[in-house]
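The two complexes that follow have chain A in common; it is paired with chain B in the first and with chain C in the second.
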Partner chain A sequence: MNLRNIGVVYRKELRDMLRDRRTIINAILIPLLAFPVLLVGFVGVAIFVASRATEKDLKVMILNEAEAPEVAQRIRRELSFVMVQPSEDYVDAINNKRLHLAVEFPAQMEEKIRTAPAEPHTVKLYHFEGQIRSTAAARRVERIVNAYRDEVIAARLESRGLDRGALEPFTFEKENAASADRVTGSILGFLLPYFVILLSLTGAMYPALDLTAGEKERGTMETILASPVHRGDLVAGKFLLTLTFSLVTTSLSIVSLAATVLGGAGLIGQVSKGFVFAVSGTAISAVLFLLLPVTVLFSAGLMAIAVYARNYRDAQNYLAPLMFVVILPAMASMVPGMELNARLALVPILNISLAAREILTGQYQWGLIALIFGSTAAYAAGALVVVARQFNREEVIFRV
Partner chain B sequence: MDLRKVAVVYRKELIDLLRDRKTVLSLVLFPLVFFPLMTVGFGTVERKMRDRVRGQESLVMILGEEHAPSLAQAIRETEKIRVVPAADDYVDQLNFKKLHAAVQIPQGFAQAPPPGGDPPHVKILFYSTQIRSETAATRLEETIRQHHNQLVEQRTSSYGLTPEMLNPVTPQRQNVADPQRVGGMKLGMLLPYFITFLCVVGAMGPAIDLTAGEKERGTLETILASGIGRGELVMGKFLTVLTGSLTTTLFSIGSFALTVLLAEDYMKDMTRGQAYTVSVSSVFWVLVLIVPLAVLFSAVMMTVTLFAKSFKEGQTQGSMVMFAAIVPAMVGMLPGIDLNPTLAILPVLNVSLVLKEILTGVMPWGMMGLTFASSCAYAALALKIATQTFQKESVLFRV
Partner chain C sequence: MIEALKLCKSFRDKKRGEVHAVQDVSFNCQPGKIYGLLGANGAGKTTTLRLLATILQPTSGTARVAGFDIVQQPQQVRSSVGFLSTATALYGRLTAQEMVEYFGRLNGLDEVTLKARIDGLFSRMDMDEFRTRQCDKLSTGMKQKVSIARTLVNDPPVMIFDEPTVGLDVMTARTIVRFIRECRDAGKTVIFSTHVMSEVEKLCDRVGIIHDGRLLTEGTLDELRQRHGLTDLEDIFVRVVSDGRERRPLGDNQ
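Entry: the complex of A and B
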């Protein structure tokens, strides 16, 4: 193997690639823009729509206002409600989303509460289960009724000369104890591994196709084979270029995704109060490091398959199912409760997806990380050997 | 326009397309495996993981146990909770997932607060977003709530009060929506998106092949020189692309309907445990509304890919059209966006929203009519542009 020759091949291919402006757009601009646009844009719209949907024009009907004038008055005063005249067909109206909630009081509720304190009452809230506006309206009315109940209880206690707090032995609440960067990390850890693995595959895809099947299609494969460059050097140069693209796409997408999450934090913070976003630089670089053997695996694997294809389109047909094969294990980071162990650490791609999630939540299981890096490097080496072999077989290279 | 000539072009392109077995495979196989894989595959994995977390013990630490021995006892007796010895580094342990939750009991827990003062406050510390930690916190909360209620009851009776007196009124939610509609809601959110996606994907392959692919193979000139008019040529090609798009969509809807009927058990994960069936009439109306959308996608795809110089370039431009088509479909997935006359005339989004309604069992006839009419108008416009583009030599021979 001759390093200078490899350098020549690499430079030639790189120049070829860079001249095609569309490549740059595909490999760099799209992953860089896709995250901010998709994530921030989509999350922003989602939050905007959801907050507007639950805070405005909730259509509420009170079926028998006379039974509880006080509570009904409070419901009427709720700003987000639009009151609808009571009518018989409320079930139909709720089903067709013309009405979000119907409130039904028991007979003579408020009067009985005053005169017969031992009798419990139930206020019925007719709603559309799971429909967000219906649920929001129900929650608000529940709050109003509960506030009324607390007042009644306080008055009853007071009439017996008891303190308001006399019945409250203690209060309790759940509280998040994890640091901000860990909570951010678990959100990032959910999405990032999947997207980054996918993008390191697509980043390698274009050059891998162009340098093998594309070369066949253009009829330049024979020419380049006839040049005084050894077959091994040729493969090495082509492979390094594919690897470069995969690496560039991968690192840019990681940076872009992290920046998006941090940048979009203000937006999300407005809605979920007290949510602080932070990402540790160490975690990001550790993930990037772990992805190195993956990019090698993808570059070599894609080239090995694409060189077998007759032409560009043929190659594309082979690679489409491959995408599926990669996407499924990459989704492991999105499965809650799946945890890394020695056996899963040997499953390619799935291991990276899980390890990246752990790293982003601040967990470094060095033994497993080493095992993952080692096993992925072994798979990558295997793929490299296959590519080198494929290029040495004339029936593959000249398969048209 | 000569219909016979259109048919000749259509048959020729169709035969061409069908001979390539891989194209057929991606048009038919992809939608066929998509829905079963999504529901059964993900359902199985998710359920297995959830069951595992449910069966696992939670490691819990009690801080300040000496202040509330009876509460601590109740926690120790809770199923699937293992209490570990208290340590000062509990925050670190939580962060490193060695501990799932911690209960912090304040000093003076058993003593009555000074008059007007706040009652003692118990904190349940956990790691938000970690499923095992959240499970542990929920288990603790349940035990503590029971203990709390017991204490309240004791106090109530010691003051000579009855529990009823302290519970004058309770709000109670009652679902009045048809179970079919409740069940269809989540599906109605996802499905229009997938259907739209497959509708574009189905148009993309043939569109690229019949325009940019033809340029690349150098056969465009030959076909233009034949005795077939430009308009007939466009029509024939367009119909082929439309066939591709509709085939994919049809297979995906069919596979969806079959999944609903056969994998009932798995579907429950997606339908909030409600029984859900698809009616023949709703499938029919979905198809009716999809047709103008497929026409629109096919025409736009063809127009855009015709500008491409090669197959490769066609692919890039085709993916951009796909992206543009998917975004409005994604917006349609958002909860809380409801159909109104303005939204009913926005292309793609309107169909997503109407499909959402139909799948939850609502038939908004007025909106359906408006959506269908506006989609047809967009489709007709796109088709007209496609025809005009095919007349321009500068586009046809752009190499």
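Entry: the complex of A and C
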């Protein structure tokens, strides 16, 4: 090991990489912007679609208005509704989306409510299950009809001299007892492990490819092999650079995701009624620490595979299936009920996904964390040995 | 100097099975002389030169390059060798100067020596004009100059050229030929491979004809002419190669 030469290789590769626009996009811009863009994109599109879809022009048909003129009148007054003349083909119209909702009142509904209070009635709503505008129209009609029912109930109670309390002996009140960082952690714990593991892989992917298969493709492999640098030092310099990119991508994506969740608290806050969000610095640091051997594993593993490839395209073909091998275990954090245990702690990637989720929600099982770090470090060391061997195999290096 | 001793290189090929790319190749190259390795495509020229440059390891046999053993002391060998071939490309995103600097540093030069060397090389070869331009943006001729500067930055005593003029235009090829002569005049040991007869006649002090991985004959041009009773190198080459083919089964049994 010649540290000076490792440094020379590292600095040269770094300079080379930073001059490539694709590197900057992959290693810095994507991890920084992915989460804010996803959040703004998703929430924005959702709000836009939902509001546009439900704010106006909901086509509603009342099939027999005469049976409930009072309720029908209220439905007509709803601003987002466009009333459609009653006709027999309302089922067809709903199926063809010419109509969003048809309301059918039972015979003499309002009349009987007044004259025969004991008799039950059913208002039928014909809608398109799962269609957003149809559902919105149905919900609004339900609200109008419910308001009318409440008025009927209130009038009946009053005529019997009873109070509203007779129908509602008690109510519920929910209050969040979990601390701000734990609640934020449980949101982060769901998303962060998956995205961060995936981004640390993609962060390493481009340099791993460029420094191995890319070097073969550009014809510089023989140039560098003819120099006095020891192959071990060459691999070490290249590996350290790949690792740097993986770590930068991972750190940036963690910071970006945490900032997005905090920044997006305004949006989420509306849902959770002004709850304050907070991220625990300790938890984030612990997750980063746990990710360290994974980034080593990814960097070395990707290099070992990519150096075997003849060229860039060949390498991409080898690495594409690897994405799936990583994606599946990385999704463990999203599986409810999947708990970390000693056996799962030995499964690479999956173990980190589960442990990161636990850490973010404030659970630290030190024994298992040590086991995960140790086992992943062992896999990473194995991958490093493989990549060093690959660079010494003529049939790999000269496979063109 | 270069001293090849029964160099052998075999590898397994999926389609062809066991391939003997180089078999029992022995020869000597002296300082201040140019040794030409002449052979058709696939004859084993590139493999022989890669073995000498320690890019490949011999299956058996060895060679001493500038006093170092290619099997036991590969790093010292590489420090003593400038290796140039059409396959030794440049890093396109580095500038001409950075490219040469990189190889200077890998050769262990300190920054002061490195700077002096680069300044000297760049001015001698008229390279100052494109010193800070990225290699990707250079013309073929400029690229060749950068490659030459790369091999010379540590002033190695041995130069190995693997078909250095293949695919180059006349002017660039002339630059390379002139450069090879300069290396000889500077007292370096030079070996180069080619299948162009005129290059051998122009440049070489000694010639080795290689075919199917075997060195079939070697000597000075005059020695070869006398030995085979022919004057034209192309005729000698054809004679040696066809004789080699006919004699092969006999030779293998010996």
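By our rule, the second predicted complex is superposed on the first by the 371 of 400 C-alpha atoms of A that agree within 3 Å, B and C clash if a C-alpha of one lies under 4 Å from a C-alpha of the other, contacts with A are read in each partner's own complex, and residues count from 1 in each chain.
The rule is simple: a contact is a pair of C-beta atoms (placed from the backbone, for glycine too) under 8 Å apart; a residue touches a chain by one contact, two chains touch by 3 or more.
This structure is a prediction, so every number in the text was calculated from the model and none was measured.
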item: Touching partner for A:Val8 - first (chain B), second (chain C), both, neither; value: second
item: Which superposed partner A:Leu346 touches (first chain B, second chain C, both, neither); value: neither
item: Dominant contact partner of chain A by residue count, chain C or chain B; value: B
item: Partner chain(s) touched by A:Thr223 [first = chain B, second = chain C, both, neither]; value: second
item: First, second, both or neither for A:Asn95, with chain B first and chain C second; value: first
item: Touching both chain C and chain B, counted on chain A across the two superposed complexes; value: none
item: Chain A residues within the chain B interface of the complex; value: 22, 25-26, 42, 45-46, 49-50, 52-54, 90-91, 94-97, 102, 109, 113, 117-134, 138, 141-142, 145-146, 148-149, 152-153, 156, 160, 162-163, 165-179, 182-183, 186-187, 210, 214, 312-313, 316-317, 320, 335-338, 361-363
item: Residues on chain A engaged by chain C in the complex (per definition of touch); value: 5, 8-9, 12, 15-16, 19-20, 218-220, 222-223, 225-230, 394-395, 398
item: Footprint of chain A on chain B - complex, ascending; value: 22, 26, 45-46, 49-50, 52-53, 90-91, 94-97, 102, 109, 113, 115-133, 137, 141, 144-145, 148, 151-152, 155-156, 159, 161-162, 164-178, 181-182, 185-186, 213, 272, 311-313, 315-316, 330-331, 334-338, 362
item: Contact set on chain C toward chain A in their complex; value: 11-12, 53, 55-57, 75-76, 78-79, 81, 83, 85, 87-94, 98, 102-103, 105-108, 134, 150
